[in-house]
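Just passing along the structure, written as structure tokens.
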Amino acid sequence: MNTLATLLALTCLFLLGSSRLLVSIRMVAFQGFLLGILPFFVSGSDHVGVAAIILSLASIGLKGFLLPKLLTRALFESGARREIEPFIGFGASMLSGVALLAVSSYIVNRLETTAQIGSSITLIAGFFMVFSGLFLLITRRKALTQTLGFLVLENGVFATGLSLGSEFSVFVELGILLDVFVGIFLMGIMLFHIDREFDHIDADRFNELSDLAFDASEDEEVSE
Amino acid sequence: MQQYLIAIALIMSGGILALITRKNRSVSTIAGAGSAIFGSLIAIFPVIKVLFYGNSFAVFTLNMPLGEATIGLDVVSAFFAVPVLVLVPLAAIFSGAVSRHEKHSADGYWFFFNTLAAAMLLLLVAANAIIFLLAWEIMSVAAFFLITHRDEIATARSAGWKFFVASHIGTAALMILFALLGASSGSLEFAQFATAHLTEELSSIAFFLALFGFGVKVGLLPLHVWMPDSYTFADAPVSAVLSGAMSKMGFYGLLRILMLLPAPAASWGWVLVVGGLLTGIYAMIAALAQSDLKKVIAYSSMENAGIICMAIGCSVMAMCWKQPVIAGAAMVGALLHILNHAICKGLLFFGSGAVYWGTGTRKLEMMGGLARRMPFTAVCFALASAAIAGLPPFNGFISEFIIFVAGLQTATLKNPQALLLATIILGGLALIGGLAVATFARTFGLVFLGAPRHDKKREIYEVTPLVRVPFIILIVLMGLITVASPWLLKPLLAVAGALMTSQAGFSAADLQGNLLQQPVIMVVQLSLALLILVILGWQIRRRLFSRGDRSDRLTWDCGYAEPDARMQYTSSSFSQTIVDIFSVIVRPYRHGEKVSGLFPRHASYRSDAPDSLLRYLFLPLFGLIDRALLPLRALQHGRLHLYIGYVAITLLILLLWKVVVI
Amino acid sequence: MTTAYALIILPIITGILSLFISSERLRRNLLLIVAFTHLFISIVLCKGGVGELNGVWIGLDHLGRLFLIITSLLFTGSAVYSMVYLDKHPHFDGPAIAGLRMPANSNAIYAACMQFFLAAMTLSILSMHFGLQWIGIEATTLASTPLIYYHRNRRSLEAAWKYMILCSVGIALALMGVFFLAMATSSHVQQFTSAGFALFSGYLKVEWLKVAFIFFLVGYGSKMGLAPMHTWLPDAHSEAPSPVSAMLSGALLNCAFLGILRIYQVCAAVPTAAAFANEILIVFGLLSLAISGIFILHQPDYKRMLAYSSVEHMGILALGVGIGGSAVAAALLHAVGHSLVKASLFLLSGNILAIYATKKVEDIKGLLRHSPLNGVLWLAGFLAITGTPPFTTFNSEFAILRVAVQSHNWTVAVLYLLFLLLVFIGMLTIFMHMTLGKKGEAEVDSASGESFWQLLTPVVFLSVALLLGLYLPEFMRDTINGAAMALGGKAL
Amino acid sequence: MISPLSVAICLVMILLSPLLLGVINKTKAFFGGRQGPPLLQLYFDLGKLLGKTSVYSETTTVVTRIAPFAILFSTLAAALLVPVAFRNAGLSFAGDVILLAYLLGIGRFFMVLAALDTGSAFEGMGASREVLYSALAEPAFFCGLLVLINETSQIGLSSIYARLTTDFWWQNPATLLLLSTSWMIILLVENARIPIDDPNTHLELTMIHEVMILDYSGKDLALIEFAGAVKLAIFSSLLVGLIFGCQAQSLPLQLIIFAAGMLLVSIVIGIIESTIARLRLLHVPKFIVGSGALAIIALILKLAGN
């Protein structure tokens, strides 16, 4: 159980550090897999039901295989270079990752004072995943990496939910899963379009739409 | 009351009809103007009834989204309805008559004109903050569209822009005001406002909010900047309505709020008096420096606003000092002046319209000698000028006389403040009056007298008979007010009483001091006698003693052989000496090169004075705000990951600020 | 209950159908039919008394009624508008992506996604359960992204991408919020609905509730377009097809707002949490007002200008709720007014775009002369959106101000008016530049913006907004007041 | 109210007013060591002018024809409002002083219009100066008046003057000095005397009053000249009433003192005219404002007094 959580945390650290897109995708896939099997370990096996099994299978299937496959395709289809160009270097990223880990553990400790939590380690991992997901989204250039970041963020949210022991009925869980899947799927499709339109998938060169360009000709109205 | 509402409905529906039939000019003109005229005629009756036979509080209740709202017609509303009901139909006649000779499309003109009229009439009967604000805003919007009616002219658009922004700022103040009153009285009904127990400073805040909000419409000193341009670029009849009726709605609001607030503080009076003084002086200096006929008239209406403000302030002070007679006199003066100003402004703006129509220009430099070409307009304009400059025997003098008397009476109080007040009022009125004489002597003289300056080729038209009707009606009204002023005092005192009884606890009886009656009668008699004598003398001279007189000589010009129209004094040069003295207030642009050398080639002098406050206060201010806000636009730089950063940071800040107490 | 589900299911089915229908006309009529049936059903539902429909999952309380009607109405409006809109635009064939081929051309996708969008919004409105609501709101994002990308060009792609990522991130955070909210529950709470929470407000863990509220606010706030999470909004609104922009700003933002209101409803039941929530809402409201003011001034693109004005009005809504008292009711009224007016403005902007073929304010002059009808409506919309009486927006804005003054937070009142003034000046400048003045040099195609279908919706909506300003029907007053009560506010 | 006797006295004063100018000229002649024109010179001039026919410029309109009557009659009406010989004015009522000022205003208005009517550059010049100076002079006059009003707590000119007793002046001579100086200056301004304007010069560029009537001739000119004399008389009598506040009850005595006072005033004017040089036009406004300042100082004294 704790091992799983640690593994999740490690995957995040690895993601922050890795410079190769393909590897990152694989890593996210692995994360999805871990997340899929996580429920069985959370607070014993008291709720291993058919529903739960279906749920975890679905999540493994989607996050562990389908989405990564899609993303990999996107990667190959787009002639984009396979490296990640970060705004913040890998070393720095990993260091800040460690810092984030510390922060999340700190927060969890604080939370434990107010409420009893399923498993704090998992919660730490969850928070850490959320943070690192945001971190990836903010500091990575490529549209693809942003997708990955989003995926990590989502996983983090899942982990948090699990570890907080707040489970809803299966339908809600499934619905959430479906939403995420469709979301990532759409992102994947758009990746192709981006590739076609811009012949690069650098999200930070997406700034045609901004309010920087502007001319003050209109305030002649005042001065007349 | 029913009649009144019917009138509003009629006017409004006429406007809509005009909008529908706008393609056919004559039909839409008939619909718009006709409904405006008939509506006003209908509305006159209830107003007269209320004014002369005491209050008739017919209260109607409407079901508005923000709760019940009542409307009712009382003496004060009735009084302020008079200028509206006088000017609206006449302006309708005027522009209806003129528009027949125009090519410019009348799209929406009548709709907004009637909307303006209806909104003003509704505003006057509003006894509820929401309806008041509603009518107020509709009024402003209609005015905006009327000002920008000639929207192909860029300056007209910017005039409209200024007006709309200014009036919106004013409305913001009014919204706070009514929110405040509503909050402290628990209702938006005016009747309830009176019962709201405001603390000293709250009521002061309320008053100054009102002064600000309504001051914009009235055109008090710093808030007048929209006025000159708007009145200039609106059509003449519209300007007449705006200046004579709409801007008076500001005074209506101010007095109405004054009625609802608890006993006034001396500070209010001081602000009003000093503000009025500065407004009046500023306006007159600015008017002298203008080279555009309508701008001059616009500034003059600002000046009269100043005078009225001073009178109201005097009355407020007198209320504080428990001097009902003075308070009453000052208030009566203010009210009468509002009436007179409406009439004179009507005449002047109509006159300017006629001149513009006849000569095709508004530039004073291009006019002169029009009295020969358009004698009718000249006579009307002369009478109006004399009246607005407050010269006897005209109505303008009567009201100024009453205000003066109030001021003199204040001076008799053994109270340093009172003496100071009297000094400001008398000195101020005298100075403003003197400058007004200068302004209108200049205006009339340069437009209608002397040798013509316009190019000889252009044909000058005198107004058509139909257009003369409003002029004649207004002049008759002028005469009526002058002659009947002793009898008008009673209803005016009634209005003043209604305004003040709620305040300082005066009973109407306190106001009926015969301070005014006898002097006014004397003044009227003497001035009429004078008028008759002058005319008599002139006629006798003309009929009996004019043998051998000859008028075929050139003007004496130091023996210069070939005098020429271009040699006569221009408007710029006329006002130069005066403007130079007050150059603190008005800084005219001076164009033209000096005369130099023994045989100077070519020299010219032209001065043009844009509003100083606009130039030195508001434009820099707006520019400053603009420049301050500009850099912030960099926030929207278009980089997605930083956008996500915003989200994350917001989240972090919130958590740190609200939850995690480290 | 079944009708309620039908309300959600129907558009999904028809949407899937219209993906495979080949005939343009048929598809379009289907869209129209769905719209009107949806409107009809929702009216029927709302006629039913309160409490008839309150399950653990799906329910319809006063809030729900209000937003359901608005959404349905707006959808109908833009469906009507789409009739011509789709005509004017070429159909792209679905490009082959990664082997899997888009089943139909972009118009089919448009029609389908419009209906999915409707379904998603309906779900998010009807769902009482927080989790379900989350699903609904996330679904709205997914359904609307293809709509934003309708034009298939770089700019629209960029807008869609930003919209997608930003909203997904935000909503992921909202999901965190949902989990935290679960932590705030105690054994007493049976239903995971705001009503269920409010029932046992005494037993809630306030700390967790606060955390949850923050996550909800940031999460759904980024969807609702509260500054500084609003950054996607101008891009998406300016690049999307006008009927879609109308839906986004008139209906979608409301749904997100509803998401915040639901959690606020819980907070309102807990005094300490209520104060906390109010403070945050006021801050965000003012911030949004300020930001929108800054960006509307000198805004060179009129669709972006409208988008920022949406940010402004979302700010007003947040402010109203934050101030509390009868301002809550006023805020709800304002939501109605804003949806109607903003929708018509966006549709009109579509007409103007069709006429001038540019979104630059610079290049547009003399609209009143080129196309009087559009010009007049455009100006009317301006007056309405800036809260000029007799439009309903004036009433709500004034009511909010009144409560602000009543509760003696002068700074809020003054700042509120200042920012409104800023917005007004900015918009006035732009609208005057566009409508008044002589015709510009650029030759324009007035006819393309003046067809019946294009003008119908704006005319209807604006006149409704006008009438609401003069008379508020009883049932509406009751609904708004009821909703306000539920949110711990006072009646209007 | 109306007092016939005062009206009669007033008429006499009006008829005698040309004498004042005669006296002034005599004084000036005396200082100039000349014999000077006879006292009745102005009567001769008027008579001669009345006999002549008028010549009008072709640019002029009816304004030029009406103006002389407007000027004359307004001045005469004003004269009716002035307390003469320490008695009530012919016409007196509360606030009559305002009417007085504005009647003179009418005269000025028409004078200016007539000047502009000719379209002559010089007359325009004069007109613009005239309006400016009078606009400045009026407030000064009212400030002075306020002192008296506050002192006597009356607002009718006659009733004010009725309460101006010598012993009051003995009590505060400073006020008397300030006021009389201030009003003296105003008198000079309003009647276009040196140092503001030189009635004898004929260089158009420097003139104010004279230049405005350049184009008048014959009967019209006579009327205007006469009006000028009456105006002088009005201001002089105001000054006399202010300074010699006497309460002699017997009419003859009052008349004698009044006549003496008028004589004195005109002699003083003569002295001023022959001793002081004409001011540069740029300095005139300061001069007038100065007179206002004097009145204000008097006011401040009054405030301190209260």
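Think of it as A, B, C and D in the order they're written, each chain with its own count starting at 1.
Basically, a residue touches a chain if its C-beta (ideal position, glycine included) is under 8 Å from a C-beta of that chain, and two chains touch if they have at least 3 such contacts.
Note that the structure is a prediction, hence the values are computed from the model and not measured.
Enquirer: Identify the chains adjacent to both chain A and chain B in the sense defined at the top.
Expert: Intersection of chain A and chain B contact lists gives C.
Enquirer: Most C-beta contact pairs, which chains?
Expert: Per-pair contact counts point to B-D as the maximum.
Enquirer: Per-chain Cα mean versus the mean over all protein Cα atoms: which chain has them closest together?
Expert: The most central chain, going by mean C-alpha position, is B.
Enquirer: Could you grab the centroid distance between chain A and chain C? Build each centroid from C-alpha atoms only and quote it in angstrom.
Expert: Using C-alpha averages as centres, the distance is 28 Å.
Enquirer: Would you mind pulling out the distance in Å between where the CA atoms of chain B average out and where those of chain D do?
Expert: Taking the average C-alpha coordinate of chain B and of chain D, the gap between them is 36 Å.
Enquirer: Mind checking the centre-to-centre distance between chain C and chain D? Centres are C-alpha means, answer in whole Å.
Expert: That pair's centroid distance is 78 Å.
Enquirer: Any idea how many Å lie between the Cα centroids of chain A and chain D?
Expert: Here chain A and chain D have centroids separated by 97 Å.
Enquirer: Touching two or more other chains, which residues of chain C qualify?
Expert: Chain C, residues with two or more chain partners: 161-162, 165, 169, 173, 207, 234-235, 295, 298, 429, 432.
Enquirer: Counting only residues that touch at least two other chains, what does the list for chain A look like?
Expert: In chain A, the residues touching two or more other chains are 134, 137, 146, 203, 206, 208-209, 211, 214, 216, 219, 221.
Enquirer: Every pair of chains that touch: which are they?
Expert: The complete list of chain pairs in contact reads A-B, A-C, B-C, B-D.
Enquirer: For a test of understanding, state which residues of chain C touch chain A in their complex under the given definition.
Expert: 95, 97-98, 129, 131-132, 134-135, 138-139, 141-142, 145-146, 149, 153-155, 157-162, 164-165, 168-169, 172-173, 175-176, 178-180, 182-183, 192, 205, 207-208, 234-235, 238-239, 295, 298-300, 304, 361-362, 429-430, 432-433
Enquirer: Applying the document's contact rule, which stretches of chain A touch chain B when the two form their complex?
Expert: Residues 87, 107, 110, 134, 137-140, 146, 203-204, 206-212, 214, 216, 219, 221-224 of chain A touch chain B in their complex.
Enquirer: Which residues, counting only chain B, touch chain C once they are in their complex?
Expert: 63-67, 107, 130, 133-134, 137-138, 141, 148, 151-152, 154, 157, 160-161, 164-165, 168-169, 172, 175-176, 178-180, 182-183, 626, 629-630, 632-633, 635-636, 638, 640, 643-644, 646-647, 650-651, 654-655, 658-659
Enquirer: Quick check: in the complex, which residue numbers of chain B touch chain A?
Expert: Within the complex, chain B contacts chain A at residues 154-155, 157-158, 161, 619, 622-623, 626, 630, 633-634, 636-642, 644-645, 648, 660.
Enquirer: Quick check: in the complex, which residue numbers of chain A touch chain C?
Expert: Against chain C, chain A makes touches at 70, 73-74, 77, 114-115, 130, 134, 137, 143, 146, 150, 153-154, 157, 160-161, 164, 166, 168, 172, 175-176, 178-179, 182-183, 186-190, 192-194, 196-198, 203, 206, 208-209, 211, 213-219, 221.
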